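In the two assemblies presented below, chain A is common to both, partnered first by chain B and then by chain C.
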Partner chain A sequence: MKNRRKDTLISYAWSGPSLILIALMVVFPILYTAYISLTNMNVYHWFDFTIIGLDNYFRALFVFDSGFLSALLATTLWTVVNMIFQLVIAFTLVSLLNVRKVKLRRLYKTLLMFPWAMPGYVSILLWKTGMFNTQFGLLNQWMEKLGHEAVRWLSSDVSAFLCCTVVNLWLALPFMIMIMDGAMQSIDRSYFESAVLDGATWLERTRYITIPAITPIIAPAVIITVFTTFKQFDVVYLLTQQAGAKTGSGFHTILTYAYENAFITNNYGYSSAISMIIFILLLVFSARYQMREEGDR
Partner chain B sequence: MKRLLSAFLCVCLLLCLTACGEKALDPAEASKLVIWHDKEDAVVAALEDYLAAAVPELQIAFEKKTSLTDSLKLVGNDPSAAPDLFIFAHDKIGVFAEMGILAPIEPLLEEGALVNFLPMTLDAATYKDTLYQLPLYFETLLFMYNRRYMQDEEVPATTDALLTYMENNTGRGRFGFVEQHSTAYYSAAWIHGFGGSIIDDSGVPFPDSQAVRDALNYHARFVALMPGETEYNTVNTLFLEGKADATIGGPWMVPSARAAQIDLGFAPMPAVDATGKALAPYSGVQGIHVLKFAAEAKTDAVRKLLSALTDSAIGIELALASGCAPANALSYEDERVANDELVQSMRTTAEIAVPMPNIPEMDVMWTVVGNLLTDVNLSGKDIDESFTAALAQANQLIGAMK
Partner chain C sequence: MMKKRIREGIGLTALNIFFIVLCFVTLIPILYAVSVSLNGQNSLLSSDFSFIPHDFTLRNYKEVLFGENILTWFQNTVFLAVVTVFLSLLFAVPAAYCFSRRRFPGRKMILKCLVLLNSFPAILSMFAIYRLLRPMGLINHRVGLILVYTGTMAVFSLWNTKGYFDTIPTEIEEAARMDGASDIQVVWKIVLPLAKPSIITTALQVLIYVWNEYIYATTFMTGESKYTLAAGLNSLQATEMTGSWPVFAAASITVSIPVLIIFFLCQKYMTSGLTAGGVKG
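Up next, the complex of A and B:
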């Protein structure tokens, strides 16, 4: 009994520094945001703010109007579409990279990691100016060569959604490819050799060996990507909603919508309340997923 | 163990008591001033050189901050992290004054120090009857043209003439005139030309709604002849590459235009035919602000610095270094400044320019007007419906600020 308690204490002592770091970097900001959301901290009460209870939460509900609901719907669609494309494209590329006869495999892998090495902000603005710009973008230069009119790629909701998806895939694929490649390489070759001897086709090997074997390994990466995609801000904001460079598209994720309808007010109490509601929303999604996973086990 | 604990608590108590005591700054510390800014190198170099000669007894450090206003919101009342002064445009004065981090400027100046300052710059720097900024120079938008494509006699005096010019000279990858048509800062000139405004001094959005609607309606005819993008890079590149004959742009465009060997001409803003009023752009007054704790703890050093900056010589230095239009009227008496076409154009435009509102409510109006312009100009939505939605959003956001 005494030994077990000692072991527990030693375990906590070892993981203590990282737990403190996590508490400082993750838990403290959340708790502080929750505290600010209960105060009247704004331009007029910047340093002398007081606790006003749940007032900000009641006011925040007005932001969750029809515009917010359509942004929530668009965000869900955005997440689903992006995840499907990411998984399919990453799986296809990784499968091709793992074909035995492929030469220069390492070079391809390095090239596929390239978008990850660039700062996201730079990549997004390069895409916006270099590819989608009506006057100078590569896409319109091709259109011109083909004898077509210039297209304003980011001006309508649907085309902006597709362009944002392309840029998001460019930014997110390296992570998924890396995880999926590692997972695929960890599968014992003998499974495939036995399957080939049994006459299994490529499709059957993929369905009965590859996918079941990589699923538990890539699951955490998928969960992380679902959340980063759901709370995406940079891609959508910089491509279509940036102040002084709006494109005419009305495509908003919940974060870009909340930014335009709350965060610019300099009312930190009110903005924190909205952040907390979005945080709780994500927490509910996460909890539902975790519970389903527990159920599957 | 108990002894150790008691000793530890005693040390803590002593530390607390020491921290409570007022600490007077030593003379060396009191003569050190940190100034945050987000200005271009030429402006800062001119300021550094001038101050090194004018107040050699002060140790002045200029620190560039890219997100200066956000940083000030976080540390504005913390002397250990905040600067003593900062240089920024006047439009954030209301926000910082309401936050309580700015010191009034006038008590720190000698009597009569502001007599020669242009009234427009002092008005811009005043919030609720208190001057919170010592103006250094101002910027405003200018009508610029490329003499290779637009001759001096072709420069349109009215907006209808400009529209005719655009119709005759736009097409096949070329534009008669370009501007950042769907951004609030640029579009304000058109709204003012119709007698409207984005927000009034008491924080009421769009006080003359019909004027704004008329401006949007008329301006849409010009937008149809401009590129679909409204951002700076596209407009700037089109003009610099000689694909646009004329533009409305800031003085910050001038160095790159000259580097691109464009034969640059400046002209007065065209007048709106329907109202007879010229397009009146916003002006931004750049100046130095003093933080409250610096005004209290380093009063002498701050006074010396401000006194040096009220001299007309700094205006001359800034004008010569980077084409800034000085806030001090005496600076224009210098022959070199008087002969500078860019500076003189800005001074002329300043007579009709409207200082950007400095009330906190303006912070949300940039987004509201940006959305309104995007809806009308880029999404092709109905003007009346878009205006009604923008007004509702403005009222909601202004309400949410409090």
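Up next, the complex of A and C:
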């Protein structure tokens, strides 16, 4: 009995530093955010804030003008659009890469990995200045050559959404291509050979062999990507919402919306309530998809 | 037969052309930056732009390396990255080994909580962390950033190494124990060498995270001498009003090169870690 207690103590001693760090930098912020979400802390009530109950939550969820619901809607649309494009494009490219006799496939794959290898924020800023900038952006130089007027790509909601989608796809596709390519390489060639002998067309082979075979392999990576897309901040923030350099687009993901309410308009109580709602949403999703696989490892 | 071969040949050529064009289109933003950074004339607004610089020069790079604070930023970033990676591993490896090998009350619950904690986006903790670090005087201090980075990556590091430890069979360790090795010897001499791939993956992920993190670095640090590369590059940004696009392009390329080298040298580890670990940082 005494031995067991000593064992437990040793275990906690070894994992202690890590757990304390997590408690301090991960758990504490969540609890503190939960507390602040119940208060009216903002610029005017920086020290003398009081507890106001669930008002912030009410404002986020039931007052449509507050912008949270529309940001949530936009984020959902953003996730769906991005995932569909990612899966379709990655699947098409990987299918083409796996046509036999494409001798340079390794070279193509390496070149296509570049957007992933580059530091993310550098790429986004390069897109912002190099491509979308109204003055020296490449897109506007081309527009001019074609005799059109310069376009402010990032200033309206819809075009900002599209530009962000393009950049996000550019950043995220290499990972998806890599995962799908790995999955496709793992399919036994003999399935295809016998299918060809039976006279199956390319479409039938894709429908009945490729897709069922790769689905279980790519599923975890796809789920992770859904989460990272839903939680996307960098692309939208750096392209359109940077403090001091806003482009005037109203497109927000929930994370940029929470960030703006905390650090631009300094509505800490409200922003904390949004953070908690986002946390709960993500918890529900990840409880559904991740716990089952990872919880009991 | 002949006809079929010709058709195949045409198809293959078309496919190769498609991929060459695709690779080129994909790389346009990077190629454009490279070309602008090497271009001597300030003819950016003229429409006779090409991907091969007209007037080759390294002037912009010279300005980046000597005119700006980039060397200081580089030192800051390397310092932060090295310390963070070291601390992350120092904290994560013993904990991961415990969670993988030992059974103790609370273990399952903690593991489940860790998965759930991961769904709180790190960026949303910023305000709370600010309130936590401020009374300690750690805002605008390197130690503060190190704490933030190590903390943010702690769950990932723990989970990633633990996942790999789980795959190492315990028989080897038991054999070593029979031969009289102590716990520490077992971990140091047997488990760690076997777990090298996952440790490298974890270290790389932490390193790249620190290298690429800009939002904490810009919010918590003031004064250009304390910036990291990411924060510094942010401040060099060229807008319609300020900044020089060629210099910014040169700085971007300079900052990216170390990451590109690390990425392509360690591609094997990069990819295996993300898929096998299951939790992305």
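Heads up, the rule we're going with is that the second predicted complex is superposed on the first by the 207 of 297 C-alpha atoms of A that agree within 3 Å, B and C clash if a C-alpha of one lies under 4 Å from a C-alpha of the other, contacts with A are read in each partner's own complex, and residues count from 1 in each chain.
The rule is short, and it goes like this: a residue touches a chain if its C-beta (ideal position, glycine included) is under 8 Å from a C-beta of that chain, and two chains touch if they have at least 3 such contacts.
These numbers were taken from a predicted model, which means no experiment stands behind them.
J.: Taking the superposition on A as described, I'd like to know which of chain B and chain C A:58 touches: first, second, both or neither.
T.: Neither partner.
J.: Contact-wise, after the overlay, does A:133 reach chain B, chain C, both or neither (first, second, both, neither)?
T.: Both partners, chain B and chain C.
J.: Regarding the shared-chain residue A:208, is it in contact with chain B (first), chain C (second), both, or neither?
T.: In the superposition, A:208 contacts neither chain B nor chain C.
J.: Which partner, chain B or chain C, touches the larger number of chain A residues?
T.: C
J.: Go through the superposed model and pick first if A:42 touches only chain B, second if only chain C, both, or neither.
T.: In the superposed model, A:42 contacts chain B only, not chain C.
J.: Where does A:262 make contact in the superposed view: on chain B (first), on chain C (second), on both, or on neither?
T.: Touch status of A:262: both partners.
J.: After lining up the shared chain so the two structures overlap, which partner does A:104 touch, if you call chain B first and chain C second: first, second, both or neither?
T.: second
J.: Same chain A residues contacting chain B and chain C, which ones?
T.: In the superposed arrangement, which is not itself an observed complex, chain A uses residues 129, 133-136, 245, 262 for both chain B and chain C.
J.: For the complex, give me every residue of chain B touching chain A.
T.: Touching chain A from chain B are residues 73, 76-77, 95, 98-101, 180, 182-183, 185, 227-234, 237-238, 243, 360, 363-364, 366-367, 370-371, 373-375, 377-379, 393, 396-397, 400-402.
J.: Can you name the residues of chain A that touch chain C in the complex?
T.: Residues 7-8, 10-12, 14-19, 21-22, 24-30, 32-33, 36, 93, 96-97, 99, 101-102, 104, 108, 110-123, 125-131, 133-136, 138, 141, 144-145, 170, 175, 178-179, 182, 220-221, 224, 227-228, 231, 233, 237, 245, 255, 258-259, 262-263, 268, 271-272, 275, 278-279, 282-283, 285-287, 290-291, 293-297.
J.: Mind pulling up the chain C residues that touch chain A in the complex?
T.: Going by the criterion above, the answer is residues 8, 12, 15-16, 18-19, 22-23, 26-30, 32-33, 36, 44-45, 47, 49, 90-92, 94-95, 97-99, 102, 104-105, 107-108, 110-112, 114-121, 123-129, 131-132, 147-148, 150-152, 154-155, 158, 163, 166, 208, 211-212, 214-215, 219, 230, 233-234, 237-240, 245, 248-249, 252, 255-256, 259-260, 263-264, 267, 271, 274-275, 278-280.
J.: So in the complex, the part of chain A that touches chain B is made up of which residues?
T.: That would be residues 42-44, 46-48, 59, 62, 129, 133-136, 152, 155, 242-250, 260-262, 264-267, 270 of chain A.
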